[in-house]
Structure formats: C-alpha cells, structure tokens
Amino acid sequence: MRGLLVGRFQPFHLGHLATVRWIREHRDEPLLLGIGSAQESYTWANPFTAGERFEMIDRTLQAEGISRVQCVPLPDIDRHAQWVAYVESMLPPFRHVYTNNPLTRLLFERAGHPVEPVPWADRARAEGATIRQELARTGSAEGLPLPAAVAAYLGEIDGAARLVRLRPNGAGGAPTA
Amino acid sequence: MRGLLVGRFQPFHLGHLATVRWIREHRDEPLLLGIGSAQESYTWANPFTAGERFEMIDRTLQAEGISRVQCVPLPDIDRHAQWVAYVESMLPPFRHVYTNNPLTRLLFERAGHPVEPVPWADRARAEGATIRQELARTGSAEGLPLPAAVAAYLGEIDGAARLVRLRPNGAGGAPTA
Amino acid sequence: MRGLLVGRFQPFHLGHLATVRWIREHRDEPLLLGIGSAQESYTWANPFTAGERFEMIDRTLQAEGISRVQCVPLPDIDRHAQWVAYVESMLPPFRHVYTNNPLTRLLFERAGHPVEPVPWADRARAEGATIRQELARTGSAEGLPLPAAVAAYLGEIDGAARLVRLRPNGAGGAPTA
Amino acid sequence: MRGLLVGRFQPFHLGHLATVRWIREHRDEPLLLGIGSAQESYTWANPFTAGERFEMIDRTLQAEGISRVQCVPLPDIDRHAQWVAYVESMLPPFRHVYTNNPLTRLLFERAGHPVEPVPWADRARAEGATIRQELARTGSAEGLPLPAAVAAYLGEIDGAARLVRLRPNGAGGAPTA
Amino acid sequence: MRGLLVGRFQPFHLGHLATVRWIREHRDEPLLLGIGSAQESYTWANPFTAGERFEMIDRTLQAEGISRVQCVPLPDIDRHAQWVAYVESMLPPFRHVYTNNPLTRLLFERAGHPVEPVPWADRARAEGATIRQELARTGSAEGLPLPAAVAAYLGEIDGAARLVRLRPNGAGGAPTA
Amino acid sequence: MRGLLVGRFQPFHLGHLATVRWIREHRDEPLLLGIGSAQESYTWANPFTAGERFEMIDRTLQAEGISRVQCVPLPDIDRHAQWVAYVESMLPPFRHVYTNNPLTRLLFERAGHPVEPVPWADRARAEGATIRQELARTGSAEGLPLPAAVAAYLGEIDGAARLVRLRPNGAGGAPTA
C-alpha cells in the first residue's frame, strides 16, 4: 500500500526533499506526491504551474536516485468536507498520510487514515514563502535551500524574473491593464 | 407567506436565537432560515458543515419549543447580481426579509422584497467571530453565549478541538503537508 | 437518527406521497427529503425550481397531516465519488437511506449507510416523466396521479403551460433566439 | 433603450442577418447581439469560438453598412432560474427582446421584458444545424445561405475542414486518444 | 487587426479615458475594451455590474465622439495559465495589448502578443480604489476625476449610495443577516 | 522530451497496452498517460474513478516490465479552446502527442505539437464501450481483452457488479430515489 505526502511545492525545496528521503528510508512502500493547488500558477503564492512543479520534482528525484515516487497534480475543490473523498478518487489506493499540517491531519484522521508527522529539516530557511521572497528580492536562485536540479530548472524558465513581476504591490488579483 | 432570515450560523448563538424568537413573536408567518456559505466547513471562518449547523438549529428550536421554522442550506454562488434570483429559486415563496446587513438589504430591496431590521441582543458578545476565537482559546464551549443544545452538540462533535486546529498561524488555505 | 429519501420530485406525485407515508408509518424517526438536481429548472426534465418543489411537498404534507419531514434542496455536484460526502455535509445526521435506484444504493452502501427499498404504489402511472408528458399534452393537471395540493399549486403557477413551452422540438438546450 | 437578440450564431447566417436587418429597420434603438454558449467551441454543435462568431458578425455588419449593433459573448450559466438576472448584469440596459424560442420568451416575460417574435427568412435552409451538416458533407461553404463575409472568413480559418473533423462518429465528448 | 485594453473599470475614470484616447490617436486600429472580473458586482472592490460599466464606457465614448471601440465583458476564470487562451477565444482577433500591469504583460508576452505600456494621466488621483473610497466618504461623484457621462450615470443609479453600503466594516463577504 | 497519450481508460485494455508498448518501442522518450475525464466515476460511460484507473495501469505496467511511463489524472474543463493550455499547465513538458482521435489531433496541432497516429491492435474487440457492455452482460471479466492485472483488479473491486448496477435503464443521471 502506498503512502501520501501532499504539498504545494512552490517551489520544491530541500525541506521537501529531506522529507521524501526520510519517508523512503523508513517506509517500505511507494510514495505518492500530491501537488496541491494544481490549478494555480502565475500568482505570488503559487508562481509555478503544476507541470513545472512536477518537472522540478522529477528531475530532483532522478538526480538523487530516489525511486518509487509518483507525482499527481491535485486541483483544489474548495470544499473541505469532501476533500478526502476527492483525493481518494483521484489517487491509486494509499493508506498512510504524512503531514505536519493540522487541517490535513484532521481531515484524513476523520476519514480513518493513519497520519504521521514528518521531520522538516531546517524549516526556518527551507520554507516556500521565504524562498519566493528571496527569489523576487535577489532575482536569482543562488544560495537558496533548493536541490541543484530545481535551481537549474528555475534558471531555464526564468523563474526568478517571474517572481519579480508577480511581487504584490497593492494591485494583485486578476490580470488587468 | 413566509419570512426569511439568512445567516452563516458559525455557530448558532444566543443572538440568533433571540432574533428568531422576536420574528416568531411579531410575525404570524412561517420562517425560513437560510444557512449561508453552506459549502464551507473546516475553515477558521466556517468551521462547521451546513449539516452540523442545521443540527444545532434543529435541536435548539426543539428544546425551546419554537415551531414553524425551516432550515435550508444555501451554498454561495459568488455572483451578487444573481443572488436574489438564486435564493428565490431554492426556497419556497417568501416575502419579508429580516436583516441588519447593508448588502443583504440592498440586494433584496432592489428585487422588491420588504426588508426589516432585527434586534440583536447583546451583539458585543454574541458574535460568531468572538465565539470562534473563544472556543479556540479555551478549548471549551463553557460560558459562551450559546443555547444549551448547541453547547452540548459542540461537546459531542469535539467542536472546540476543531477550532483549535483550524486557528490560523500564517499557513491557512488549502490542506497540504 | 433521521432517515433520508432523495428524489427530484418533478413534480411531487402520489407515488412519492405513498413512499413518504410508508416510511413515516414503519419507522419511528424523522425523515429528510433531499430535493435532487436543485439547481435545475425550466427544462423539460426539470421544469420546476427547487423552491417550487419544496412548496409542493410542504403543502401536501400539511394537507395530509404528515409531520417530522424536512425538505432540503441538493444542487448536483456531478462527481459521484464525492456525492455521499457532499450529502452528509449538507444534511443533519441521517442513517437509513430509502431508495430503489441502484446507483444511489451503491454509493450509500459503499459509505456504510443501510439502504432499504421502498414500495412505489402504481409506478406505471405515477412516474415523473409520464406526468410531465401528460401535462404538456393536455395542458392540464386534471386526472393525473398528483396530490390535490400539488394539482392546485400547478394551477396557480401555470405549470402545465410551462411544460407546453418546454417540450423539446429539436431545439432544447440553452435559451437563445 | 436597446433591444436584445440572443443566438449561438454557429455560424452567423442569412436568417440571422435578415432578422438583424428587420429589427434595425423597424426599431429606432441600438441592438445588442448576445453570443450564447460563448464558452463552447470545437464541438459538433458549437464549432466556432465566441471570438470567431464575433468576427463573422462584425465583418458582415460592416460589409452591409449596418450600424448601432454591439456583440456581447455570453457564457452559459446552466441555471435557467437565474439566467435573466445574469444577462441583465452582463449587458448594458435593454428592454425589448427579440426571439422565436419559447423558453427564451418564457424567461424574459417572467422578468417583465416585452418579447417580440422575429421573421426568419427561409428558415428551412438558413438553419445552423443544416449549415454545419452541409459544411461537413461538402467540405466547403459554397452555395450555403451565408453572408459573403462569413463564407470568406470560414475560408480563412478552414472552417469546413474543422467541421469534417468534429463530425460525430460514435466517439464525441472530451478530447482523448 | 485590433488592439486590446483590459481593465475592471470600477468605475471608468479620466485615466481610462486618457488611455483610450491615446491609443485611438497613436494606432490606426480598432480597440477592444475587455471588462475584467465581469461576474463581480455589489462588492467593495467591484461595486458595478459588467453591464453598468459597459454603459459608463458607451455613454462616455459617444459623448467624446470616440469611435471604433468595442466593449466585451470578460468573467474571470481564475486560472492564469489558461487566461490568454481564454481571452483569445472570447474576443475577435487582436494583436497589440496595452497594459502597465506586470502580470498581464507577462502572460500576453509568453503567448506571443506584443505588449505596450500606456500613459496614465494623473494616476495618483484617477485610480479606481481612490475614487471608490471618495464616493463612499462623500456620498457623491462631484469633484472626482470622472467623465461627465459617468458622473451623470452614477447619479441615475445611486452609485455613491451603493458604495456607502458596501464599505467594509469587518463584515464583508457573502450576503447574510 | 516526453510524449503524451490521453485516454479515459474505462477500463485499461489490451488495445491501450499494445499502444503503450508500441510507443515505448519506437520512441526513446518517457511517456505520460493522461487519464481523461478524471472527475467522472460510477457512471455507465465512466464507471471507474481516476484512482482505480491509475491502479489498473500501474499494476499492468509493473507486470509487463514497462518503465518510464507516468500516469496523470486530468479532470475535464469542458472548454476546448483552452484545453491544450490546460493540459500543458498540468503536465511536465511534453512534445509528441499520440492519438487517433480527430479532435485531439486538431487541438494539439493548432497549438504546435506534432501528432502521430497509433496502431490499435484488434480495435473491434478491445474497445472500452464493448468491454463495459460485456462486463455488465456476463457479470465477469473472464474472456475479455484485458491485461491479466486489470482482470484481477476488477475482481478485487467487484468491477463487473458495479457495471451491472450502472447499466442504463431509462433512469440514468444524478443519484436519486
């Protein structure tokens, strides 16, 4: 039976990688990586498409020689009471859920899934929000707690420049003039 | 012809009960209770499902011996210009609308419904936001301005513990790792 | 604990009434009537709004002296794998489900609800599709297997005339010129 | 005050043009052309995008020297009870509605708009469904009851070839392998 | 080939008018005005329906003698990665896009459209947010940087009074009691 | 660069397997399997959830020793003009698309993707619709053109019994009484 780790991975960073490695080492089961808020992209909180995040993870896992991990984009449904039923219908069978998020724990426990906390190496630095801020501030992925494959990919797609443009300045919201 | 009172009832508190009682005493017509944002649950602002809110109201009305009141869950449509047409299509015929909310008043008046303000006993305390805050802070429904039936029901479903978990801490949003 | 009967009630007919009466007589529990496809109206298959169907049922139950029955409009979500979780989140707690529909049975049994078949008096005649056809053909509710209160209400809202206009003639679909 | 004519215009044909001309001649008011099912395209019933239909109409009106007509794409909302409120919120103020469709008449009359029937020159031939069939059968717009500007535009965008590909053959539905 | 200017126009003000005039003077091509967030209305950030905004623009252009400009309401789709494909499917063919918004520029450039910055006369004052604030504060459109036709129209529809009612006071969100 | 094959895989059969094998043999690139209509399940045309289809494919590929293939559920968006932009945003970068479906070919070619036809071994028998019919008729997966792993999995989840219940009998549509 598989395990499940859900995240937004905006971007996939060293904290995520440490977590995936920890699960692969402690559990003899394949791992599903649910890419949450998959419909979002080109916003300050969700700058990268689900496909770009998929690619970041794929390249990293290959570079690190980590196998038996599958990515699945999960568009939001915005109805928490149905969320577990939704995830269960989109993913192949899974049992253990790995999370430190209280809501995720609440919803999966309520549905009968065993939920386990995960180590989160160097959380202070390896945090999506902090990394996005730094990308926009310096215009570069250098020195950030990212897997080498992710840093390289951000270079290819001009990721830092995208963050610079998306930085909120009071406007935000839908694209307009 | 029926009257209509719309609220989110997160949770149903003594201010709501006083309002329902006032309407039942002053108007000789059945009352519809529209449970707004019915699709929401397990969020800080909307912790309880529409069904749980329905149950809170049902138990309270029974305990208080109040009759001729019907609950109807109303999922949001997020398009104000169509909102009254939507509500009219979901509910049996109604005429008077009871509200202190300026937007609700504006939309129903524009559609030709007579709108009346309601008394709101002890508003300072009996306010959904304040009650949710207190539930999360103390982890208990004790001493809050709630009908006895609601306090008991919150005990049965571990309502206060849910609020503790949903309390925003910078994360918020969709469930993730 | 409540029981649940889901239907579209287009319109509420004598077969529905016999079923409700049978449940009220054999079960000592309140009954929820879920009004399915609640978002639909003014189509050939779903001519009446959820609110009009609510009114038909309300008047009939009052005329027949049937109590402890509550109507709840249920807009479709079009995702069967989440449907039971959705219904559970919209309704107050219920356990038994009454249905003769194989899909409804399948979905609720899979979620652990006991499901019971219901008698359906004189099904051949008391069938929504047949009744809608007859309303459009004769332009009148007379002689149809409808509760008196429903027949009267259809008169008030010009229900038969609506069916005449909605009868498909190759056009159908969204409103156009 | 403006008038309103709603259609899907798949494609805009001589029947539509005759109707527009008739309205412009008999009414001294600007005309809104609502492009219905605007979200649809690349299906057998709705082969052209709203933008392509807009372009067909725009070119035709210019070629014919017809002024004071404005196109507005109208995505479906699939909730008839709210449809008029929706249209009213998307369009600048209008009063008269021109239609031969019984449902459109029913919905607008119910909302208080005066509704008038329109002449429909040579309906047998100038019918969207017939024209789409012919486009797919012959692979050409020649000889069809279309304004010259529309026939020319269909040539530019390979419209007939599109219809050939979209013709249903038992497959239909969402794009797959 | 047409040009495109997208805005929310809440309300259409002198900055917008200056921009439209500049484009009409410097480009010999028709101009499309995309009315963004068209589904929104009766909120603090989007008080006016798409139809009301359409009317504001229409009256202003007529009063100013500006021609070859067409308004098109654009409901949001909330998926930035598909937004350009969406806009292209709703509008007749366009090429140049006029905007000062970094996200709009990013999305259209990525899709191959040439994007040009626009002058924005007296931005400090002629800003939607500032104007809405002033309308709510003074209850009047007098003295605000609005075209005369817009100020007059706001008088007709009681626009300032609407803003007074929509002003956020901690409540906000969906209409309730 | 990856290739892409989109299908509904209701269920994954020998024709699909032959196609996957053919692509893996002729192309030295990883393959993405897009599971179309991923939001659908428990209907006659789409009996299995995306997760169940994912599992069928996963087990088969493992049993057959086929590697470098990744499954991705793709919920429908029902807007063909945006469909390729949607697929591109959900999937990691891909270039070649494999399909025999004319609409899929049309949409991807229009967006610049090279599209190639695929062999479809023994199409007459290995067709989703035929297989679903047979599952419902015989109540068993025996003798059907399915990979052994799929037949076994259908046994585990009572797949044939599900088809028996979903077989249309004039009712169909949303779950009701």
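Here the chain labels run A, B, C, D, E and F in written order, and each chain numbers its own residues starting at 1.
We adopt the following convention: contacts are C-beta pairs under 8 Å (C-beta built on N, C-alpha and C of every residue); 3 or more make two chains touch, one makes a residue touch a chain.
Because the structure is predicted, anything quoted here is derived from the model rather than measured.
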item: Contact distance in steps, from subunit A to subunit D; value: 2
item: Any chain in contact with subunit C as well as subunit E; value: A, B, D, F
item: Of A-F and A-C, whichever chain pair has more C-beta contact pairs; value: A-F
item: Chain copies touching (subunit C, subunit F) - same or different residues, decided at half shared; value: different
item: Separation of mean Cα positions, subunit F and subunit E [Å, integer]; value: 44
item: Rounded Å distance between subunit D and subunit E, as computed from the means of their C-alpha atoms; value: 27
item: Between subunit E and subunit A, distance of the C-alpha-averaged centres to the nearest whole Å; value: 35
item: Of all residues in subunit C, the ones touching two or more other chains; value: 41, 49, 79, 81, 88-89
item: Chain contact topology (line, ring, star, complete or other); value: other
item: Chain-chain contacts as defined at top; value: A-B, A-C, A-E, A-F, B-C, B-D, B-E, C-D, C-F, D-E, D-F, E-F
item: Residues of subunit D defined as touching subunit F within the complex; value: 39-43, 49, 162, 165-166, 171, 173-177
item: Subunit C to subunit A touching residues, read off their complex; value: 77, 79, 81-82, 84-86, 88-89
item: In the complex, subunit E residues that touch subunit D; value: 38, 41, 49-52, 54-55, 58, 70-73, 75, 88-93
item: Contact set on subunit A toward subunit B in their complex; value: 5-8, 19, 36-37, 76, 78-81, 83, 98-107, 118
